[in-house]
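Listed below are the structures to be examined.
Each of the next two complexes has chain A plus one more chain, namely chain B in the first and chain C in the second.
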Partner chain A sequence: MRLDLTILIPHLGFLAEGALLTLEACALALVGSVILGMLVAIARTSSSQWISRLAFLYVDLFRNIPFIVQLFFFYYGLPEIGIYIDAFTTGVIALSIAGGAYASDAIRAGILAIDNGILEAAEVSGLSKRVTFTRIVLPIALRTSVRPLGSVLINMILTSSILSTITLNELTGQAKIVASDTFRPFEVYVVLLVVYAALTYLVSLGITLLHRRLNRDLQEQVS
Partner chain B sequence: MLKVENVKKAFGPVTVLDGVNLTVNPGEVVSILGSSGSGKSTLIRCINGLEKLNAGKITVDDFDVSKPKELAEARKRSGTVFQLFNLYPHMTALQNITLAPIEVLKRPKAEAEAEGRSLLAQVGLGDRADAYPAQLSGGQRQRVGICRALAMKPRYLLLDEVTSALDPEMTSEVLDILAKLAKDGTTMVFVTHEIEFARQISNRIVFLEKGVLLVDLPTEKFFADDGGLAQPRVAQFLSKMRKD
Partner chain C sequence: MRFAEFTPYDIVLLLQGLGVTVGLFLITSLIGLVIGVLWGIVRFYRVPVLMQVITFVAEVLKNSPVLVQLFLVFFGVPAFFKLNMTPVSAAVITLSLNTAAFVYVIAVSSIESIGRDQVEAARVFGLSRWQVLRHVIAPQAAAFSIGPLTALLVNQLQVTSLISVIGVLDLAKIGATLNLRTLKPFIVWTAVGILYYLAAKAVASLGAWAEKRLRAHSAFRGL
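Up next, the complex of A and B:
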C-alpha cells in the first residue's frame, strides 16, 4: 500500500466544507455548553433544594446516556411526536446539552474551591448576591476551571464526528463520502486524523493562553 | 454608637458568647483581648452579621444587625479587616478597594479610583495600585485590606486579629497604619494578641474569657494592680503573653 495524497487534491474543497461545518457546530456548541454549564453550576450550588436537585438530575441523566443515543432521540425520535428540527440545529443543541453537563462539573468545582473568607469579605462590604457572583465568584471559578473546560471542549470536537450519523456532513461525514467515491480510505482517513489532531491542538493551545491570561497575577511565582 | 447587648452565640453544644455587653462610642479605640477560643473573633463576626445571634441584640448606630432590612445599613457603617486578608485574588489592589464603593455606594469610577489611590498612598503603597494580591507581601496585602475597609468610609473599623498571620516586621508595618488611624480619631474595635500595642492605642480594653466579658476598663486602669490585674485570670493571661 502506497500513501498517495495527491489523489485527494480534487476533493480538498469538499473536505474543507466539512471542516468548516465542524468548526461552526463546535463554536456554537461551545458557547451553548458554557452558558448552560454556568447556569447549571449556579443551580447546583443553589440553596434551593428543588433547583439543585433538578440540576443534578440533568447532569446525571446526560452523562449516563451515550451521545449517539441522545442524538438519535432528538433527530429520529422527536419527529414522531411532531417536533422537527434540522440536522445542524439538532447537532448543536445535542452537543450543547451533553457538553453543558460536563462543563457544569468543571465550573462547579471552581466555585466550590473559592475560599469562604473571600465571599465573607464581599458580603460584609455590602455587595449584592448578583454582583458577588458576576464580579467575584465566576471570575475566580473560571481561573481554576478553564483547563477542565478545555478538556470538555476538546471532547466536544471529537464527539462532533458523531453528527455525521444524522446526515450532517461535517468533516467526518464528508470524509466518508470521499472515501467511498475514491476507494482510497487509507489516504482519506490519514488526512482526517491529522486534521482532528491539529484542530484539538489549536484549541488546547488557546486554552493554555487563556489560562495564563486569567492567572496572570501568578506568573511571577510560576516562572 | 455600636451596642452589643446580652449577646449569646453557640455553635451546636459549644457556647462561644455567653451574655456579652459592650458599647463603643464614636472616636473610641476598644481592644478586645483574651486567649484563643475566648470568643473574640466570633464577637466581631456577630457585629458584622456573618454569624447569627442566638440571643441578645447588636445595633450599629441604631441599625439592628439581626434584621435583614437593617443589616445592609449596619454594614455600611462598619468595615471589617480580616486576619487572612481575604483580598479578591483576581483583582488589582486598586480594584479590590474600589469595587464596593462603585457597586454599593454607586460612586463614579474615576472618583472612587482617585480616592483608592490616595488611600494606598497613605499606607505607603502608592506605587502598587496595579499589583495583584499574589504579587504583594503579607504586610502589603493587609494594608490593602485596611484600605478596602476604609474606602467605604465606615464609622466603625472592625479589626479581627489583623496581624496574626504576619511576621514581626510586617506586623509593625500594619500596626503603624493603625496607630495613625487611631490618632486621626477612627473608631476601632480591635481584636488582637498585640498587648503592648493595644495598650498604646486603646481608650479601653476588654477581656473575654470563655465567652464572658470579664473586664471592661479604661486602658490605664486595665493594667493597674487594683484594676484589671486584680482579676487573677487577667494577670495570668498578661504574664503568660509577655513571657511568650
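Up next, the complex of A and C:
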C-alpha cells in the first residue's frame, strides 16, 4: 500500500497515444457540433413555427437523454440499417450530434443578443437576408459565444471518455488496458484524473485568451 | 437470425431498471446536496486550510470525467486499500461526491448573491454568524439556487447511466442486456431513451414547481 507512480513510466507513450486519439476525436467533434449547432441555431431563430419547433425538439431530446444511450443507439443501431462504420467515426458522429445540441444553445444566445440596430442598418444598406445572416449575424454571434462554446468543448473532452465503452481506445480506454497490465488501478486512475483536470484547465485558459482577443473592441462590456 | 423475441416480462425488466436508476439518483442527490451545502458553510465561515482543500477537491471532481472517477473508486480504491467494494456502493460514493462538487459551486454563488448590506445590517442587530446564515441568507439563497440546482439534477440523472459500465443493473444496463438478447438495438435504445427523457422531464417540472413556491413571496402579482 504505497503510492508508486514510477511504474507508469514505461506506459507513458501508450497513454499519450490514447490522449492523442481523444484530442483528435474532440477536435473533429467540435467542428461537427459547431456546424450542426449553427444550423440548428438558425432553425431555432427562424420565423417559421414548424422549423423552430423541430429544432427545439432535437435540442430537447439530445440534452435529456444520456450520452451513453445515444452512443449505443448509433453503435448498435447503424449496422442494423446497413451502415457499417468503425467505432471512431461512430464516436465522432455521436459526440457531434450531442455537442451540437449544446452548441446551438450557445450560438442561439449569441444571435438573440445582437442589437436590432445592426440588423436594420444591414436592411437599409440593401443586403439580402442571406448575406445579412452569413456576413453580419453569424460572425458577431460566433464571436460573442466563444466562451460558452468553450465550455461545450470542455464538456466534450470529459464526455469523450465514454467512447471507451464502444471499444475505442482513447485516453480512458488505454488507461484501462494499462491498469489491467500493471495491476495498479489506483495509480493509473489517479494520474488519469489529474491529466483530465489539467487538460480541461489548459483548454479553459486558451478559451479565455481567444475570447479576449476576438472581443478586444468590446473590452469594457465583456471582460 | 433472431435469438429471442421480446416478452411482456421485458417491460417489468425496464421498469425495474428505471427504479434502480431513480432510486440511486435520489439517494446520491440527497447525499450530494448535504455534503455540498456543508462545504458551502465551511467556506462561509472561512475555515482555513479546510476551505482550500475543499475548493481543490471540488475543482478536480468537476473537471474530470465521471467514468474515470467511477473506475478509481471501483477498481483503484479496493486494490490500493485492500477492501471490498460492491458496484452499488462505488456508484453511491462517486455520484454523491460528484454531485456535491457541483452543489458546492451553486451554494457558494447563491450565498454570495445576497447583498453584503443585508449581512452587515443583521450583524449590527446583534445576530451571530450562524443566525445570519440561518435566518437571513438561507431562505433567499434557497430561492436563488433552485434554478441552477434543477439544471444540475437533470444533468446528474443522465450521469447515473454511467454506472452501468461498472455493472450496476440500472436502466442503461438493462438496455444493454435486452439489446444483446433480442438484437433489436433501435427498439431497445429508443425505449430506454424515452424512459430517461420522461424521468428528466419529471425532475425539471418538479424543479419548476419548487422554484415557483419558493419565489411566491417576490413574484409579480399583476397590476
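Heads up, the rule we're going with is that the second predicted complex is superposed on the first by the 217 of 223 C-alpha atoms of A that agree within 3 Å, B and C clash if a C-alpha of one lies under 4 Å from a C-alpha of the other, contacts with A are read in each partner's own complex, and residues count from 1 in each chain.
We take it that a contact is a pair of C-beta atoms (placed from the backbone, for glycine too) under 8 Å apart; a residue touches a chain by one contact, two chains touch by 3 or more.
For clarity, every value in this text was computed on a predicted model and none was experimentally measured.
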Next item on the list: Mind working out whether A:D115 is in touch with chain B, chain C, both or neither, as first, second, both or neither?
Entry: first
Note to self: Under the stated touch criterion, which partner chain does A:T159 make contact with: chain B (first), chain C (second), both, or neither?
What the structure shows: second
Next item on the list: In the overlay, answer first, second, both or neither for which of chain B and chain C A:I136 touches.
Entry: first
Check: Does chain A have more residues touched by chain B or by chain C?
Finding: C
Check: Between chain B (first) and chain C (second), which does A:E123 come into contact with in this model arrangement: first, second, both, or neither?
Finding: first
Check: When the two structures are overlaid on chain A, which partner does A:G13 contact: first (chain B), second (chain C), both, or neither?
Finding: neither
Checklist line | Which superposed partner A:E80 touches (first chain B, second chain C, both, neither) | finding: second
Notebook entry, point to check: For A:I65, is the partner it touches chain B (first), chain C (second), both, or none of the two (neither)?
Noted result: second
Check: Residue overlap on chain A between the chain B contact set and the chain C contact set?
Finding: none
Next item on the list: Within their complex, state which residues of chain B touch chain A.
Entry: 48-50, 72, 75-76, 78-80, 82, 84, 86-90, 99-100, 103-104, 132-135, 148-149, 152
Note to self: Which stretch or stretches of chain C touch chain A in the complex?
What the structure shows: 59-60, 63-69, 71-72, 75-77, 79-82, 154, 158-162, 164-165, 172, 175-176, 179, 184-186, 189-190, 192-193, 196-197, 200-201
Notebook entry, point to check: So in the complex, which bits of chain A are touching chain B?
Noted result: 115, 117-118, 120-128, 131, 135-136, 139-140, 143, 214, 216-218, 220-221
Margin query: Give the list of chain A residues in touch with chain C in this complex.
Written below: 1, 3, 61, 64-70, 72-73, 76-77, 80, 154, 158-159, 161-162, 164-165, 172, 175-176, 179, 183-190, 192-194, 196-197, 200-201
